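Look at the two complexes coming up: chain A is in both, with chain B in one and chain C in the other.
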Partner chain A sequence: MASETTATSSAAIGLRRGLVLPLLLLVAWEAGSHSGLVNPQFLPPLEKVGQVAWQELANGELPYALAASLKRDLLGFALGAGFGTVVGLLLGLSRIADRIFTTWFNGLKQIALLAWIPLISLWFGFDEAAKVVFIALAAAIPVILNTVEGVRSTSTKLREVGEVFRFSPLQLVWSLYLPAATPSMLTGLHLGLIYAWLATIGAEYFMAAGPGIGGLIISGRERFEMALVMLGIVVVGLVGFVVDRSATWVEHRLVRWRTA
Partner chain B sequence: MSIAVDHADRVAETTDSRGRLEVRGVSKTFTVNGAPIAALNDVSLTVAPGEFVALLGPSGCGKSTLLRLIAGLDRDYTGRIVQDGNAVTGTSLERGIVFQEPRLFPWATVRQNIALGLKNAPISEAGKREAVAAHIALVGLDGFAEAYPHQLSGGMAQRAAIARGLVNRPRLLLLDEPFGALDALTRARLQTELQRIWAHEKITMILVTHDVDEAVFLGDRVVVLAPRPGRISRIFDVAAARPRARSDDALIRLRNEVLRTLEHDGADDGKAGQSNRSGA
Partner chain C sequence: MSETILETDLGPARAFAARGWREWSGNGLVSGAIMRAKAAAWLLIVPAIALPVWIIGNERGWLAEQILPRPADVLHTLNEMLASGELAQHAGISLLRVLLGFAVGAGAGLVLGAAMGLSRRVDDHVRPLFTAIAQVPALAWIPLAMLLLGIGETLKIVVIAKAAFVPVAMNTSAGIANVPRALVEVGETFRFTPLQMLRHVVLPGAVPPIFTGLRYGLTHAWIALVSVELLASSEGLGYLLVWGRQMFWLDTVLVAMLVIGVIGFVSDWLLAGVEARLQRWRTDGV
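What follows is the complex of A and B.
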């Protein structure tokens, strides 16, 4: 091991180690399903799940459901992130807005996300609009919190530099507060992306049935097709994983000035 | 003494009498845990255009506080501070400042950081680009224009901060222990650089320091402050010709005399020090 000191080989070792646990679980799953210890109706063997995946891919059901979910997810995220950024900047920059809203907002964020569903359903119905609003709400909360945090933690020493050079309020926001808050804001957007995807599946479970991965899982349960349920869950996990990794990658690109 | 007079004449001739600063009867009180603490007590000082004044004193003598008042960063004081006939009521592009820490914006390159000083300067974009490039060269940072602050050494970051303080050509540059955090070699090199820049730019500079050698090496006058309450204890004229050598006998004698004054101030801590002037 000592000879393998290059970055590539240590990354490869990391990957191999990271794969150990999932592979063991898959082996246990397969063994459990075939051994008769577990009812295969509750735990279908892997090849059955693979077969259903192929079938759903071929008949277009899976791509259709995935596209519907992603569209909903991204639309909700975009709305929530936009709204959250504006609200977060206002709360962070304006002392008056801060005094009026922050306590109120801190109370609101204590309400569990799922508790909003009845209210949103009453206001926006059970359809697409209500789902998007729910996803937007989920995304907005971490974006607001992290934007406020980023703006507030801007160094007063750097603020004095702006004062010395007679920065206008707009120059202060644009040249100081926004760049200073960027790392924290990106963290908020990253969390917002994760929350939005969780909320997408939640909305599809709890609101009116419609196209989507959540709908696919629900229909699998209703038809007692465990393989379809498993497939849905795997896809949800994979999308979450890809979203998280991409967000991390983008974050690193955008705040490269931070890394030494 | 005659050398000192000659020197003062030269200063008056070579500058266009801008960058004159008057501090009149300035007092400043901080409130710590409800109790008032006198940071500065009746400080008066006149700085001539193009002069280099070193404010020297132990920590707690109010030297940095005085600099912040002059900069306009703190407006809560009594007395008057006037630059070129205008009362100081806030920060101004007429006064640049270099802080103890470089305070560079970490997300901006050296070039962008220096350009911050020109954001509100009434010159064209091309003029700004030229000024930034000229000041990068002035502080010896050629080749580092596109570097980010985390890629610079402490000395290089402070050079960038000096360039940022100078780039809009203020009449007065305030330096708040700018070399305090640097190693001895880098500090000595930057002191020599600062002397060259001052001679080249012909602007008024006020340097706050607790380093006697630095004050004597750079200052036309060394203003010694005593603590509790912060006040001027003694003012030394430094007559040595420029560019100066650290090994100059006159400088070393003066340095010893300044050190004795500091020790004396420390001995009768609390009593008002005698205010007199001495030539070197």
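What follows is the complex of A and C.
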């Protein structure tokens, strides 16, 4: 009981301490932009940002852009995750495929992701297809890596069990390797989701045709509307946060089934 | 034994790299040479199929120059850009930016991470704001930074520094905070001064995770460099990509990608080597 109260009070202290810096920052922000110490064009007052947020919400611009970004994000992720799982299983299960392709894959992986954008836009244009391809590429990389690792880490004991039962190759994959590799594969999918969101923003920056949060930010920069840029950044961060949290939640659910 | 611990401790990507390094540096000389020759033979299969398809495809016209230029053209462009010093110039500018930005970001990350790891009070104060800033990727900050800082060198350094700062601070604070309580108590029994504690207890335990943070930091810095050069630059490898794209010079685009990949590969490989050493030294020591 006593330890419980100290635990809650230390959490309260932590919370109080954590609020100090953000509050100070916000006060300085308000003071700076209202007093004219900082050009409000660079640092619009908070209420201006809130007002722009409300306006964008009310006129439907923000929901429209967000929906477009999320749609592309999920479509690209689904394609990349599917492709990545197949390739990962292949590289993990087949020694021949591993010998032929893994080093090349590791080499290609070293090319910083965004460096693919010019090539992809030359091949697929600036439309939806190019963006989705790029997002899929971003999602596939961690999925492949973690699927390979998961399959490889299947213990020899399990493999021997499979041999004793004379499992067919399909049975081996389905009832042995896949369950054993699930936690690692889930980690890969989780990372893939994070990468896909990052790639969505990147794709929208560089292939600016069509609606999207990235496009919103870029147009805010072009029109020097700082409040719009800030709003966009907050939305990008929030979506990333929600995606990450929900993926963690799903992951825990699915892996708990395994240990239970 | 230490090898298996290593494998499970590391993330998959790092285990990959660490294994590659061990295969390269370990093994007997002769058996190693044979193994490497075999591995190389397997590796040649992809180019042995892809190159003829590429060349014949270009000749027969079912692979348009605008989709994939002839391999000879790409090589020619590479040679030309190497000979004229153009490539070295762009790569040099990019490397300088990364090193500067990384130095600033990693330095700040080390200081803040150490303060957060050592002091509960600092951690409580800084963590929420830090998390909020870290949550937004460097890429998303670029337009804001462009409005505030213009498109000069400062912009590049700041964006790269932010990208390096986050993983370094995170891993440093976690590395220091996770030094086993038992070891700290041993130090207390010996009545170590704070300096002795830092030198003999905290640092040996925290160096490997800190190094991991530095490695991630450099990777992120490199990615941030490419993003910022793609968006706002008139020189550097990223600019080379944009420029090649605008002129529809695919060979230039491919050469720039190649250089970006090679630099990324070499730096990651070097750091993975150092990291494997550090990890081994730790497991050997315990």
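Structural remarks
Here, the second predicted complex is superposed on the first by the 219 of 260 C-alpha atoms of A that agree within 3 Å, B and C clash if a C-alpha of one lies under 4 Å from a C-alpha of the other, contacts with A are read in each partner's own complex, and residues count from 1 in each chain.
The definition used in the following text is that a residue touches a chain if its C-beta (ideal position, glycine included) is under 8 Å from a C-beta of that chain, and two chains touch if they have at least 3 such contacts.
Note that the coordinates shown come from a computational prediction; the quantities given were computed from them, not determined experimentally.
When both complexes are overlaid on chain A, chain B and chain C end up sitting side by side without clashing.
Residue contacts after overlaying the shared chain place A:T182 against chain B, while chain C stays out of touching range.
Of the two partner chains placed by the overlay, only chain C lies in contact with A:I233; chain B stays clear of it. By the touch criterion defined above, A:Q171 lies against chain B but remains apart from chain C after alignment on the C-alpha atoms of chain A. One of chain B and chain C touches more residues of chain A, and that partner is C. Once the two complexes are laid over each other on the shared chain, residue contacts for A:P22 go to chain C alone; chain B is not touched. Once the two complexes are laid over each other on the shared chain, residue contacts for A:F206 go to chain C alone; chain B is not touched. Between chain B and chain C the least C-alpha distance in the superposed model amounts to 11 Å.
Under the contact criterion defined above, no residue of chain A touches both chain B in one complex and chain C in the other. Interface residues of chain A, counted against chain B in their complex, comprise 157-158, 160-161, 163-168, 171, 175-176, 179-180, 182, 255, 257-260.
Partner chain A is touched in their complex by these residues of chain C: 7, 12-13, 15-16, 20, 39, 42-43, 45-46, 66-67, 121, 124-129, 132, 135-137, 139-144, 146-148, 222-223, 225-227, 230-231, 237-238, 241-242, 244-245, 248, 250, 253-254, 256-257, 260-262, 264-265, 268. Listed in rising order, the residues of chain B touching chain A in the complex are 71, 73, 91-93, 95-97, 99, 101, 103, 105-108, 116-117, 119-120, 148-150, 168.
Those residues of chain A that touch chain C in the shared complex are 13-14, 17-22, 25, 42, 99-101, 103-104, 106-108, 110-119, 121-123, 145-146, 148-149, 153, 184, 187, 198, 201-202, 205-206, 217-218, 220-221, 224, 226, 229-230, 232-233, 236-237, 240-241.
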